[in-house]
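What follows is subunit A paired twice: with subunit B in the first complex and subunit C in the second.
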Partner chain A sequence: MTLNALRFIVFGVLILTSLIFLSILRLRYIANKETLQRRRAYCRMEALLLSLFDDQILAYQWALRIHAHELTYLQEFLLPYLECLKGESFDKLVAVAYHSGLVKRLLQEGRSPIAWRQAKAVYFLGLIREPQVLPLLKPGLSSGNMFWFYPSVIALARNDLRNLPQVLEALKHRSDWTEHLGVSIFAELGEEVCPVLLATLAQEETSPKIVRLAFAVMAHFGYLGSESLLNETILTSKDRELRIRALRAWSQLKLGYFEGLDLALQDPDWEIRVAAVTALGSSGTEDQTALAHPLLRDSDWWVRLRAAETMLKLCKREELYTILDDPLEDLYAQDMLRYVLTREGGATCVIPVFDVL
Partner chain B sequence: MARILILDDNIYFARLIASQLTRLGYAVRVMEAGEELLDLLRAERYDLLIMELLLQGQDGLTLLQTLSCSPFSYLRVLIVSHRTSYVDQQRVAEYDADFLSKPVDLYELLEKVPMFLKRKSWEGRSL
Partner chain C sequence: MLYQFLTFYNWGVLIYFFLLNGIYLFLTFLAYKAIREYTHHLSSVNLKRIFELGFYKPLTVIAPAYNEAATIVSSVKSLLNLQYPQFEILVVNDGSTDQTLEILKQEFRLVPSHRVYREKLKTQPIQAVYGSLLYPQLHVLDKQNGGKADALNAGVNFSQYPLLCSIDADSLIETEGLLRVTRPFLEDQSVIAAGGTVRIANGCKVKNGRVTEVALSKNSWVRFQVVEYLRAFLFGRMGWNSVNAVLVISGAFGVFLKSAVLTVGGYRSDCIGEDMELVVRMHRHYRLNKLPYRVVFVPDPVCWTEAPEDGQVLSKQRKRWQKGLYDSLKSNKALFFNPRAGIVGLLAYPFFFFFELLGPVIEISGYCVFTYCLVMGLVNWPFAVLFLTVAVLMGVVLSASSLLLEELSFKRYPKTQDILILFLYGILENFGYRQLLAWWRLVALVEYVRGKKAWGTMDRKGFTEKF
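Let's look at the complex of A and B:
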């Protein structure tokens, strides 16, 4: 009885082991088959892509060569190209996606209960500005998952400029986005986004973070229409972060001197003084040198550095050497000026002051 | 025949540009990472470098700075990048490199390459 039981156990273990071994072999076979299929599909698609860009074939001719089971590979294959290309080359790839039935399939996947699949579908459809994606975005926009939320926001933003208030509303309720990400969301909309953004800011009450983002976007596009808003913010805003960003945007846009800069140069906050003197350096003229000169004697090192850099941009070299030679001038100011001149490469003309050393 | 080096970690994009440029008669080589860039430039002479600023594990701007201070400052550089901020563009301009922001139109890029090749090089410029 015991021997029979032992035999039975050994036999069972043998069967189980062989079953596990066979399953592993089967899984390996499936994985290898999948890799092989993917590689073949990629090779074929790469050849077709080159033919498409050489105008040897049309988009629908490529689409005809794609089997239904290869649509996932096509989606993966097209994605990096769609992210890098625009214009005629982009349109050709979008036509392939439509003719092959990929768009139709992704519209179905956009309703999938599996979040990651839905996010992938929404991202792809957003990238090609497919209008039918809009009804699918709602769950993503209300999701706490950033890998689902941001593709949905990008899809919404890219689809139509009229969706901008909804994009801003969605961003208003999130805190995990950086300014850089915000700018990249709007960057691909083109310069037309700036007047719409400006109008939206004028109509609605938004968070300071959104306003800062708007400044960054306008500076990114070099949009000069934002001058009055920046002017007003620099003059009247009580939010220091907002004033600093406005001054930085002013500096990037090279909008020239105005009285707000003068006030900001005398602000008790050192970061505002830094931003103001930098803005003066990028947009001022030689006449405004006198405004930067007092800041050379500022108590803060950064302010002195930016003031020296501004004077280097605005003044003639002779005037700077006069400051260096002036025995009544502040030693810290002279030291900073000397440092900036040395760094810039004009050190050979400056006689070192050994007394300071 | 002009020799072009493409440095981009998006290998699909790099290979696409390379194939199109090869078709136009250029000798093209693709690199995925910038670590061996200087070694490669020591071994072979190139006329144009097309590079991305957002490289994995390396900052393209630092690489550009290294290049401008190296003996290979004659090399003309065209930046084709997703990094499109005003500050980055200004810094690229400081190194006398040209800038095209991604997404880029392939045909437009191919049309512009001969123009970039004709541009005055870094040689003789004090950096």
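Let's look at the complex of A and C:
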């Protein structure tokens, strides 16, 4: 009985081993074949792309040359172009995606219960601003998985400016996104988002993180209409992070000097002083050099560094040399000024050892 | 009486054998499913694009180094080549007696740094902290010798980012390795640890701290180990990963949530297998306190390491691993058949105890009993031959399955010839190599029980053109 069972097991295991061995060889064969197919398809698509951009063929003519089994390759091929192109070229490639049946297939995949498949489809459809993608976004927007959430929110943002409240709502309920990511999402909405964002912030109660993001977005687009909001935040906000972001945005937008900067320069918080003196450097004039001078004697290394940089931007070098020669001047101030001047002059110097923040 | 004992023993071994192989086959099945899903998933994500958008958690790479003069420069260069938006590298010189620190100072222009060291975990005293003039993200901690765990704890204290990646200073991580291994932390906020695959670099071409061409070594010891590593990582850990019961994250390449490491008290300095011990302790803490968590294994990020090329060094390594296993299981025995610990307490821990820790005892005792029966003329030859055939074939099936998983997923060995050679070594390892490993592991157990817990040394040759 036991022997028979063992014989049976030996027989079974032998067959299993042979099957595994054959499967390995088969997989290798399939992989090689697939690589070859993909390479050929990519070569053909590259040639078609050039012809399409040169107006030698139309989008539907390209689409006719794509076989059904090559749609996955087409999706992979088009994706990097769609991510970086704009205008007519972008529209031509979108037309290829429609004519080839790729969009239809992705709309079906967007309903797939498998998260990664849905995310992939939604990301592509979002890039081409397909309106039918909107009903498919709900699971992705509420997902804890960033790799599903991100394509969904991008699709939402790219589709229509009217989706801004939903984008804000989606971001409000998450904590794991960085400002950089937030700006990239809003960048998809285009420059027109700034006034709408400003109006939304005025109407609704939203989280400080979203407000900070809004400042960054407005700075990203160089939107000058945000001046009064930034002004008010720098002057009145009790949230230090918000004040710092507002000062940074002020600096990026190169808005002119106002009395709020003066107050910020005297703030007990060193990070606010750093942001304020940097903003002064990008928006001030020679007349405001005197405001930066006291900060050259600040107890914080970063404040002194930014103050020296600001003074270098705002006033003539001769004035700085006067400070260096002044025997009554603070030694730390002179040291920092010398460091910045040497660095600007392109001369080599020994990099001082300092506490890395 | 003796005959009764032998019959009882035979049945015991038979049940043990089928139970072990049954679990292995089940793990293979789970790993097969998980790898299929993972490879599909992987193709859907453009990692670089997403990380470019600020979609990451900053990370500190901690590389403890003790007498690693031969490999330290290539290892640090490999780390500097890594693609990750925001990370720092901490090399912890654990009181090396060779030229490790001097080489680092010279090669990377190290100067004393005043960055604050906060001692959240108790370690041996820190002698100096250095920063690099060439690479601002590179820092070197020089401390008194306290062992690898102590060096890692010093790295944890000094790190400033929420994720920690522990690696061996003699390992090379693939360029996108960090991007891939940190992915689970973005997908699921309950992930507290993630480990990647460790592969053998002997035979591969290494340039500027990167594996540029994957190939198989001509050394037989290394080839046996390649098959073993594939088996351990692709179906062992992948299988356990499916049920959130990965007990081992290799010290050569693992990423941890810093807060979780601090919560459980960091690495244990008095432990030989500090990597496994930490993970088992994390399971114990989170399971017994009913906290949501996941420890994941990610098969794709690869870390290349140098494998022993002779029996003597290999025996030292395996003895150390076996002692580490014993240590880890012993210090977390609260998990043993503990229903509150779920699958970890009821399945994973007992599996490691009965099959990984006691496996060599059963195997070697089997050979002894067989020899005794042979001398006494008690061998049931048809049964013995068939049983040995089944044992060998099961070993071959498991090795072949891991090769199949490799083909299904990452295909790191481009030559078909290499795969065929590995298949052959998967058969050959059953005749001598496996028995030798079992013997070393048994010796390690005996040494451990007798109180000999020394770590031992492993001579490194370094990643040079010879590979």
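One rule holds in what follows: the second predicted complex is superposed on the first by the 311 of 357 C-alpha atoms of A that agree within 3 Å, B and C clash if a C-alpha of one lies under 4 Å from a C-alpha of the other, contacts with A are read in each partner's own complex, and residues count from 1 in each chain.
Please note the rule applied: a contact is a pair of C-beta atoms (placed from the backbone, for glycine too) under 8 Å apart; a residue touches a chain by one contact, two chains touch by 3 or more.
The model shown is predicted, which means the values in this text are computed figures rather than measured ones.
K.L.:
Which holds for A:Ala31: it touches subunit B only (first), subunit C only (second), both, or neither?
P.N.:
After superposition on chain A, A:Ala31 lies in contact with subunit C alone.
K.L.:
Taking the superposition as given, does A:Leu3 touch the first partner, subunit B, the second, subunit C, both, or neither?
P.N.:
In the superposition, A:Leu3 touches subunit C alone.
K.L.:
A:His220 in the overlay: touching subunit B, subunit C, both, or neither? Say first, second, both or neither.
P.N.:
In the superposition, A:His220 contacts subunit B only.
K.L.:
What is the contact status of A:Glu329 with respect to subunit B (first) and subunit C (second): first, second, both, or neither?
P.N.:
Touch status of A:Glu329: no partner.
K.L.:
Going by the contact rule set out at the top, does A:Glu271 touch subunit B (first), subunit C (second), both, or neither?
P.N.:
Once the two structures are laid over each other on A, A:Glu271 reaches no partner at all.
K.L.:
A:Phe21 contacts which: subunit B (first), subunit C (second), both, neither?
P.N.:
second
K.L.:
In the superposed arrangement, which partner chain does A:Lys86 touch: subunit B (first), subunit C (second), both, or neither?
P.N.:
In the superposition, A:Lys86 touches subunit B alone.
K.L.:
Could you tell me if A:Leu50 is touching subunit B, subunit C, both of them or neither one (first, second, both, neither)?
P.N.:
Touch status of A:Leu50: first partner only.
K.L.:
So, does A:Asp300 touch the first partner subunit B, the second partner subunit C, both, or neither?
P.N.:
A:Asp300 sits against neither subunit B nor subunit C.
K.L.:
Specify the partner with more touching residues on subunit A, choosing between subunit B and subunit C.
P.N.:
C
K.L.:
Share the list of subunit A residues that count as touching for subunit B in one structure and for subunit C in the other.
P.N.:
Shared contact residues on subunit A (touching subunit B in one complex, subunit C in the other): 83, 180, 184.
K.L.:
Under the definition above, what is the set of subunit B residues touching subunit A in their complex?
P.N.:
Against subunit A, the touching part of subunit B is residues 10, 12-13, 15-16, 19-20, 23, 82, 84-87, 102-108, 126.
K.L.:
Considering only the defined contacts, which subunit A positions touch subunit B in the complex?
P.N.:
Against subunit B, the touching part of subunit A is residues 46, 49-50, 53-54, 77, 80-81, 83-90, 180, 183-184, 187-188, 219-220, 222, 252, 345.
K.L.:
Could you list, by residue number, the parts of subunit C that touch subunit A in their complex?
P.N.:
40-41, 44-46, 49-50, 53-56, 111-116, 131, 133, 136, 183, 186-189, 382-383, 386-387, 389-390, 393-394, 396-397, 400-401, 403-404, 407-408, 411, 416, 419, 423
K.L.:
So in the complex, the part of subunit A that touches subunit C is made up of which residues?
P.N.:
Subunit A reaches subunit C through residues 2-3, 6-7, 9-10, 13-14, 16-17, 20-21, 23-25, 27-28, 31, 79, 83, 116-117, 119-120, 144-147, 150, 176-181, 184, 351, 353-356.
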